[in-house]
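These notes are about the structure you will find just below.
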Amino acid sequence: MKTRHRLKFLGAALIAAASFSAFAADPIKIGISITQSPPGSVVQGTQVKDAVEIVKDMVNKQGGVLGRQIELVYEDNQGIPEKGRAATEKLITVGKVVAVTGSHQSSVCLAEIEVAKRYNIPYVNTNCWADSVRLKGYPQVFNAPIYSTRVAESVVEALLKLGTKRAVMFCENTDYGIGAAKAIGEAIKAKAPGIDYKYETLDRAGKDFTPAILPLRANPPDVVLLAMLPPPAYIVMNQLYEQGVAPSAKTWLFDTAGLADYPDFWANVKEAGKYMLNFALYHPQMNLPKLATDIGQTYTQRTKNDPNRLIYQAADSLLFIIDAIKQAKSTDADAMIKAMAAMKFEGTRGTFTIAKDAGPKFQQMVDIPSVIYQITEVGQSTGKTLLIEGPGVPLSTAKLMKPAK
Amino acid sequence: MLNVDLLINGLIIGLFYALMAVGLTLIFGILKVVNFAHGEFYMVGTYTYTLVALKLGVDPWLALPLAAGAGAIVGSLTERMLMRPLYSGYTSWGMLKDEYAVVVTFALSLLLVNLVDKVIGPYSQRGPALIDITRMSLGPIMLSGQKLIATAVAAATIVALALFIRYSFWGRQIQAVAQNRLGASLAGIDTAKASNIVFTLSGALAGLSGALLAPIINASPDVGSFPAIKSYVIVVLGGMGSIVGSIAASLTLGVLEGFGAVYISYDYRDTFGLVILMLVLLVRPQGLFGEKGRDV
Amino acid sequence: MSCLSISEVRKSFGGLHAVDGVSFDVDYGELIGLIGPNGSGKTTLLNILSGHQPPDSGQVLLDGRPIHRLKPEQIAQAGLLRMFQLTRVFRRMSAFDNLLTAGRALGLDHAEAIARARQLIEELTLTRVRDLDAGQLSGGQQKLLEFGCCFMRPPKIALLDEPFAAVHPTMKETLAGFIRKHHAEGQTFLIVSHDMPVIVELCPRTVCMNAGSVIADELTRAVLNDPVVIEAYLGGEVAA
Amino acid sequence: MKTDRNAVEFRLSLALLALVALIPAAVSNPYWLGVIIVSMYFALLAAGWNLLAGYTGQFSMAPACFAMIGAYASGLLSYHWNVSPWIGLPAAIIVSAAIGMVLGRIVMRLRGPYLALTTLSFAEIMRLVIGNSYSFTRGDLGLNVPGLFDSRLVYYYVFVGVLVAVQTGLFLLLRTKAGLYLRAIRDDEIAAASRGVDVVFWKTAAFTMSTAMSGLAGALYGGFSQLVSPELGLIAQTGLVICMVVIGGIGSLIGPLLGAFLVYASSEALREVGGVQLIVFSFLVIVFARFYREGLWGLAKRAFMRKPA
């Protein structure tokens, strides 16, 4: 076993040595930390991977950045903070990447940004909504996705329009879920103190949520809100429907996590998804820049799936880094971070600036377009859904449909 | 009305627990070892059902027995390949009986989980329902057609099993071996065969419950781990090897978790079982329904 | 006061009265045989004496001190040691360590234990195998070893359950010799055995049990000629 | 004689650790040093579990769980009441030992698979409890805790030091009467009792010792990774520990170390191949348990013994 060790570490030493002697023609390495195996969401991980691959090929075809090609280095974070920490550290110390992005789960982001800060490497959050990622106020961390407080604001607007008196939120017991639930609580206190609101946290590993749902059968609220990710989200939806709680003639079902975006959504829910209201970040009826449509088409070609917000967030995350390298004319961390903070960034979802003000908006791309729509048929594609709010579409609940019972 | 709901839902869940736990109890009864791969027998059932029905488009009602069969095969193979040494002079080993059984079955469970994860993939998949009634009201309670059928099948299976053990030829032989392996073998009973039957049975039961719940609880590689944990608690509560005991324990636990979740704490409902377990071990080490046996 | 006094001890499993009100005393320095047909409750009685099964009622005094509520290890430390019918040794420990363990557990210190173990290894002719794992020893050697474990610290009384069953004749002799020698030195024994010749040869006095109770308790010869005993053994054909 | 055998194993394990101590001379990359530190963390768990399973014959399914408990004990102290990790470390040992003692006291009166069953349920449910007590433990997110040192190299040698200490402790322990009693209990509890060994006491003692070691390992690891999450207590982690001990050689002083370094190093390599590590290891374990019950160390010994002959 001695020899095996020696070999292994000799190898390691060589790798290190090699990557020290980097010269101009070497590709620029960018680290992608995503979930490629459970318990995290492999579905999302794969979407992020597909998207950044498209962007990489695009950029490299146009000759790369600073005359160097882009190379993506992947690490699997399994959706586990601990693994995310290790993955990021490996990307930085072994992969020698100039920036890290890709992460799509708040708890993982929160572990990874600690490493990014320790090694002072720019980190672009791809899909972590939790405010807490911003509240840390780390200068190395930039945020491409929407954030819970902002979601809460538009959800509460909608709740008011729906004439809600009592709303119950089911959120997963993660930083994202509980963060979202609390954010909505805050927004209600501020904008709609009339609404009686409480949230119930559900275990991500849970299989049977009926005990949490049954009490609602006894006295149903006006709206049941969801801040959960699959697979438990699907189980909750099915059991809500099975118990006749929501969607029902009395009660709206309102998802705030963009569930309907998931490719496996309809494979897991049937009637339970019909009449559901969705807060989402992408709707085909949005008018997006050409860049977006190009990437969208390539994505459809490659994967036979329709593009969704996560595709665009991932694309933006990478494009943002690449632009920063262009602006800074170097891959030096401080230079890139400085450039990022100052940038006016042309992304797939529009043109963004980076918010400076501390708090949930810190180093956040603003303003992320969002939509609210209702699913009116089982198996409906996002394009066919009923858009009730979006860029240029003022919120109107008039057209909403309600189940007979 | 809420309480009626809780009671009935609790009993239903308890019934599903029982279907799992009984198999484990059988094995413990006859080999005096615990099969830590039991949850994976369940998982095999779930996947067989889901994949056969979804990918091959086989009729779910046909997929059900297939799943049970798959479980049975895995069970039988486990006994053939891994358990035989237990009753062919294990004493001469570097390892003793319990150690060997624990290590091997636990490794088997790791192996199966990770194999499925690599081969079939980590995505969670939802099995097609046996009947396309996604919601129906039955007196005071509401449930899906699937849940109703699953409950019925589970109940029927458990009764059938009880009858098999009590009255059938092999059932009697199994009882004999469980009571006294040496004596049974002296009396000319093929103890190896009996053990194999037990493993096959418990595999089939686990596979069946996996299939029945596939449309309710989506299939994923680790889907078996939690039902397994529950059955471990149940087997101890039920008194290690007592079938009636484990059924009673299952129903009790199911109901108790339901009420506890609403009236005590939803978040900690899974801990109730463990708490009771600890208390029982303190005051009644032989389990709620078990009998003290002779040591020496 | 007698070394071991058993009075009105009862134990039943379900309906079966395995031990049904057994009483007898063993005096210091006595070498007493306990016989009886299979299922007559001998082993159960031994398990009660050694604390592996609590009696339903009745009491057991060792040296005038009640021991029937104590745990096996406490009884062993109190000076009642037993051999099992199916030999029990520590299979993955060397013969020597087997003895050491017993010695230390019975309160000898390290040096004493080693000295005593060496001596017993000699006496029991286990020198060649002292460092082998006990599991690798022959059945007979294992019996000798287990026997030795009971004598690391001379017990007040030693209970031997079928010590001669399936033992090679020469070892049987070693064993018997050992018993005689120690008995001569005043060691108290209670020997359960089917091997009548040995009982006759070793034990001046014999207790015979049947169906859970004592049916004869006198000089060995007398016991063997006692019609009740014969009936018990031959299942009554000869009766009357 | 056994004591000699232990001495040999002890010297070899020290030699192995000395070798590990030399590695930083060749490797400076913090990631690879990190990898070895983690494998030393597992070596600690493996050693603790081996004391229980290998020498006492009691199969706990909770080594990883008690590591998690230890990590959280010190993590929560520093997170809620910012207690220094240097106080957190002993606290972690005490807490996990205490819980271990209570659990052991309840379960150890029983023979057979009760311990395995109860500890497995305990481990899974502890993980859920910690995951669900979001307001106190921050749930799956885990706690960010301050490190014990700044330099990775210091951690490296602290782990080496602790391992040396633990191995020495075990070696000495096995030479006392405790060593005899534990092995006696492993081989035959009834016989042990009937020869005067207080079985329940020694079983509980062994369990408490091994949980204390797990707790220490967990707290050290928490300080090293600066993140304490329920992930530490995953059953798969316990699985890894068992794999290490069985492959390395159960019931020997060096086996667990051997197993920990080999298994973890190769699991790093296998991760590149695509996360097949647990498939390979669990398969190996079955093969070893079925055919080479003394593990690699046993095989090595046989090889050496043949040479002179």
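List of remarks:
Which chain is which? They are A, B, C and D, in the order written, and residues in each are numbered from 1.
To be clear about the criterion, a residue touches a chain if its C-beta (ideal position, glycine included) is under 8 Å from a C-beta of that chain, and two chains touch if they have at least 3 such contacts.
Worth saying up front: this structure is predicted, and the values here are computed from it rather than measured.
Looking at chain A and chain D, the chains that touch each of them are B. Of the two chain pairs shown, B-D and C-D, the one joined by more C-beta contacts is B-D.
Across the assembly, the mean Cα position most removed from that of chain B is the one of C. Mean C-alpha position of chain C lies 42 Å from that of chain D. Inter-chain centre distance (chain B to chain D, centres taken as mean C-alpha positions): 30 Å. With each centre defined as the average position of its C-alpha atoms, the distance from chain A to chain C rounds to 75 Å. Each of the following residues of chain C touches two or more other chains: 52, 84, 91-92. The set of chain A residues that touch two or more partner chains comprises 37, 173, 201, 203, 205.
Counting partner chains per residue, chain B shows two or more touched chains at residues 94, 226, 267, 295-296.
Of all residues in chain D, those touching chain B in their complex are 53, 57, 59, 61, 106-107, 109-114, 116-118, 120-122, 124-125, 128-129, 132-133, 186-187, 190, 235-236, 239, 242-243, 246, 250-251, 274-276, 278-279, 281-283, 285-286, 289-290, 293-294, 298. Listing the residues of chain D that touch chain C in their complex gives 1-2, 177, 180-181, 183-184, 186-188, 190-199, 251.
By the touch criterion given at the top, residues 50, 52, 71-73, 76-77, 81-82, 84, 88-94, 96-98, 100-102, 104-107, 110, 131, 146, 149-150 of chain C touch chain D in their complex. Interface residues of chain A facing chain B in the complex, by the touch rule stated above, are 37-39, 42-43, 173, 200-203, 205, 207-208, 210-212, 214-215, 217-218, 230-231, 234-235, 238, 241-244, 264, 267-268, 270-272.
Residues 1-2, 5-6, 9, 13, 117, 121-126, 134-135, 137, 142-144, 147, 216-218, 220-222, 226, 257-258, 261-262, 266-267, 269 of chain B touch chain A in their complex.
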